[in-house]
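So, here come the structures, one by one.
Each of the next two complexes has subunit A plus one more chain, namely subunit B in the first and subunit C in the second.
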Partner chain A sequence: MTEHSALYVYALLPDRQGAADGVTGLDGRPVRLAGVPGTGLAALVHDAAPAPFQGGDDEVRRWVAEQSRAVTTVWERVGGLLPMTFNVLVAADPESGRSAEQCLGDWIREEHDSITGRLEALSGRCELRVEITLDRAAVTGGDPVDGTPADDADGRSPGMRRLLAKQREQRERHTAGELADALHATIRRRLLAVAEDVRDRAFTRRTADETGVLSAALLVRHEDVDAVGAVLSEARAGRPGLGIRFLGPWPPYSFADSPQEEHAEPA
Partner chain B sequence: MRPTREPRVTLDDLLEVVLNKGAVLHLDLIVAVADIPLIGVSIRAAVAGMETMLEYGMMRDWDEATRAWAERSVVRRALDLREDEGVVRRMSGGHLLTEGVYHGWRPGTVYLTDQRLVVLRAEPREILWQTELSGVRSVRLKPERTVGGEDRLRLELTLADGRRELLSAKEPETLCDLITRACAGHLAPALPPGPVTDVEPPLAEGHLWYQEPRRSGPVWRGGTARLTSGGLTWKSPLDARPALVLPTADLAGVRRVPGHGPAGEGSVLVVTTAGGEDVRLAAGDPGLWVRRLEAARPVVAAG
Partner chain C sequence: MPLTVDEKSLKHGVLSLVVTLVEVIQEALDRQAMRRIDGGDLNPEEAERLADALLELDEAMEQIKEDHGIVDSVADLHRGLDDVVDDVVDKLINPRRWAEEAGR
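On to the complex of A and B.
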């Protein structure tokens, strides 16, 4: 294998001349559009050794930021693309003597219809991320629940006090959980009135004093980003103790694959 | 509110999004990445491989934070943890199904959390068996001869109701030891009776379809409905919390409607809320759900 016999693939997109001009990717490598004649499609790539990028946390963080920056820049120029995950590399095929670019081109030709369909579905749309948490102290007001003599330390062993504290904490979690369920259902419904799709995600930030309400990626038309913001502002105004992180807009990473819900059928 | 993508605020999120999402080319000629025990792999493509690596301890060389991160992303895909639940240990294993006509080992992954013992199958995803740790009375190792004539150690659990269950595990001794310790913690100092912590048992619980209204048109989703004296909730296995919460006071009416639903012809029922909204559900046994919901509905004073 030669040093640069593979292609690192960032995204698939409509072949738009000049879309990658001046854009750099991992470790500052210049990226380019590898067009596939006859399909109207191209891949955003750079040449690479046929081995995945590996490194420590800090290095991976930097690479991810670089990949994201490159993909976002081109996405903003073109209006729609299918972003790839980290470390998608296409190697040359020594058996048939095809180069990596030929292999990728052949595959894009084969998958032309599904790629085009997905690109159309995502065109003009972005991914937003919403994380909503509930401060448990704000729910229970920080007061001990009835029947829990939290301050009645006299006459109780340290073990018993610890158990009672644990019980109280469980009750608080339970109360906050029920409230979070109701808030989740309401906010999700309001968000889906403006967003086209939603995928539940894990929380990236939540402290021990918070109960998670909703963490999701939303697929939203660019012109509806403000409407999502309005739903969130309203939710926050209506409920003290609600913490909201609102991130994006990003290329639609979470929606690049076909719709996830197996059983979903359009009604 | 306006969204931000200021890198200092969003890098962790971006890391998760880019590593864990995005399309993967389904192409034979992608460089194989599953064998490389470093974070610089395409996590999504390699997630199956990663589970195996975690199970077989192949990632011991990963630094602690990376391992924890990988473990979280795998576990999240695998087992729906409760809010305050943490995984103590996971390993490959199985459960001996003895109920019904089928009798045999069903392989999966055994999860010991700080609350439950669960045997989960990844594909198709199903909880094969589970118990709360508080329901475990005893656990012991039991040798068993396999079909191939090998002696294997199994885990025999005796539950509070007297039932006995047999589990297999990759490291039976370790698991037995961990369960013993976890249960000892539960049995140790008896908690004074706590009034609220017990979750109310549902009046009914079962698979139900919910037609979720969306901007791009309503979508039928499969999930679990739970009817308690407090109301009706519906939750998809893909979501962390219920997408539908209807307090009992909101259940104004329920009726079956003609037409085709995801569970077949005539499977659709409509719940009308106090606010006048129609919520469409579908069930394999719509008649039963209508009766249940009718029974749960607030009684209107006879006049």
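On to the complex of A and C.
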């Protein structure tokens, strides 16, 4: 295998001339469109060694950010693409003598209908990320929850004071949890009225004083992004302690899962 | 592919996991103790003794975390465990998620 016998694949997209001009990817490598004649499709790629990119956490974080920048730039130019996850490589096949570009082209031809279908489904749409949390202290107003003998702690031993504090915290958690469940159902239903798809995702940022309400990726038409913002503003109005993180828009990473996950074979 | 193991990192990882699990047990002990105290199973002296013993355990755990520099990793693991539990509970009570998982 030579040093550049594989292709690092960033995304699949309609073959538009010039869409990748001037765009760089991992470690500043220039990316290009590898068109597949007769399909109208192309892959956003750069040449690579047939081995996954490996490194420390900081280095991988930088690579992922570089990949994301490249994909986003091309996505903004083209309007729709299927982004790949980190480290998707297609290697040459020495047995058949096919180059990496031929292998990738053959696969795209085989999957042409499903790729085209998915591209159409995601065209004109973006992904938004929403994370909603409740500040427990704000929910209970900073006062002890009913039934918590907070004032009884005076004169108790340190161990008993600790246990009473734990009990108070548990009740606050319970109260916030019940409110979070009710809010989750309402907000999710309202989001589904303006988003085409909602997929739950783990919280990326949550402090020990917060209870999670909803963390999800939304597939949204570009023209409906403001409507999502309006739903979230409405949810926050009059609800002290409700924290909302609203990120995006970016390419629909969370919704491009077919057919890439089922068929792509990293080198 | 060769697996490279950093012994120090492995030790910290295992220790963080053990301490996190002890903390989970500790929380169960705290809840059980409160239940006993609230239920009147213990007289005031017994209750104070139990509460102080749990405080000592708590202080010992904090000391171990400080000594081994695993305060943050235990907090991360604990949060991760909470998320796993949330996810499992959500799947159990929300049948729509089964279909989503099966479809992937």
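Convention: the second predicted complex is superposed on the first by the 253 of 267 C-alpha atoms of A that agree within 3 Å, B and C clash if a C-alpha of one lies under 4 Å from a C-alpha of the other, contacts with A are read in each partner's own complex, and residues count from 1 in each chain.
The definition used in the following text is that contacts are C-beta pairs under 8 Å (C-beta built on N, C-alpha and C of every residue); 3 or more make two chains touch, one makes a residue touch a chain.
Remember, it's a predicted structure, so these values are computed and weren't measured experimentally.
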What is the contact status of A:Q167 with respect to subunit B (first) and subunit C (second): first, second, both, or neither? both
_Tell me the contact category for A:A91 with respect to subunit B and subunit C: first, second, both or neither._
first
- Have a look at where A:P158 lands relative to subunit B and subunit C in the superposition and call it first, second, both or neither. second
Once chain A of both complexes is superposed, is A:R206 in touch with subunit B (first), subunit C (second), both, or neither?
second
- Message: Quick check for you: in the superposed arrangement, does A:L26 touch first (subunit B), second (subunit C), both or neither?
- Response: neither
Contacts for A:D257 in the overlay, against subunit B (first) and subunit C (second): which applies, first, second, both or neither?
both
Across subunit A, the partner (subunit B or subunit C) reaching more residues is B
Subunit A positions within both the subunit B interface and the subunit C interface are 159-160, 163, 167, 170, 199-200, 202, 212, 257, 261
Listed in rising order, the residues of subunit C that touch subunit A in the complex are 30-31, 33-34, 37, 47-48, 50-56, 58, 75, 79, 83, 86-87, 90, 97, 100, 104
Residue set of subunit B touching subunit A in the complex reads 1-5, 7, 9-25, 27, 29-31, 33, 36, 38-45, 63, 65-66, 72-73, 76, 83-84, 189, 191-192, 194-197, 199, 209, 211-222, 233, 236, 238-245, 262, 280
So, in the complex, the side of subunit A touching subunit C is made of residues 156-160, 162-163, 166-167, 170, 199-200, 202-203, 206, 208, 212, 257, 261
Listed in rising order, subunit A residues that touch subunit B in their complex are 6, 9, 12, 50-57, 59-61, 63-65, 67-68, 72, 82-93, 100, 103-104, 107, 118, 127-129, 145, 147, 159-160, 163-164, 167, 170-171, 173-175, 177, 180-182, 184-186, 188-189, 192-197, 199-202, 204-205, 211-215, 217, 225-226, 228-230, 232-233, 236, 244, 246-250, 253-254, 256-257, 260-261, 263-267
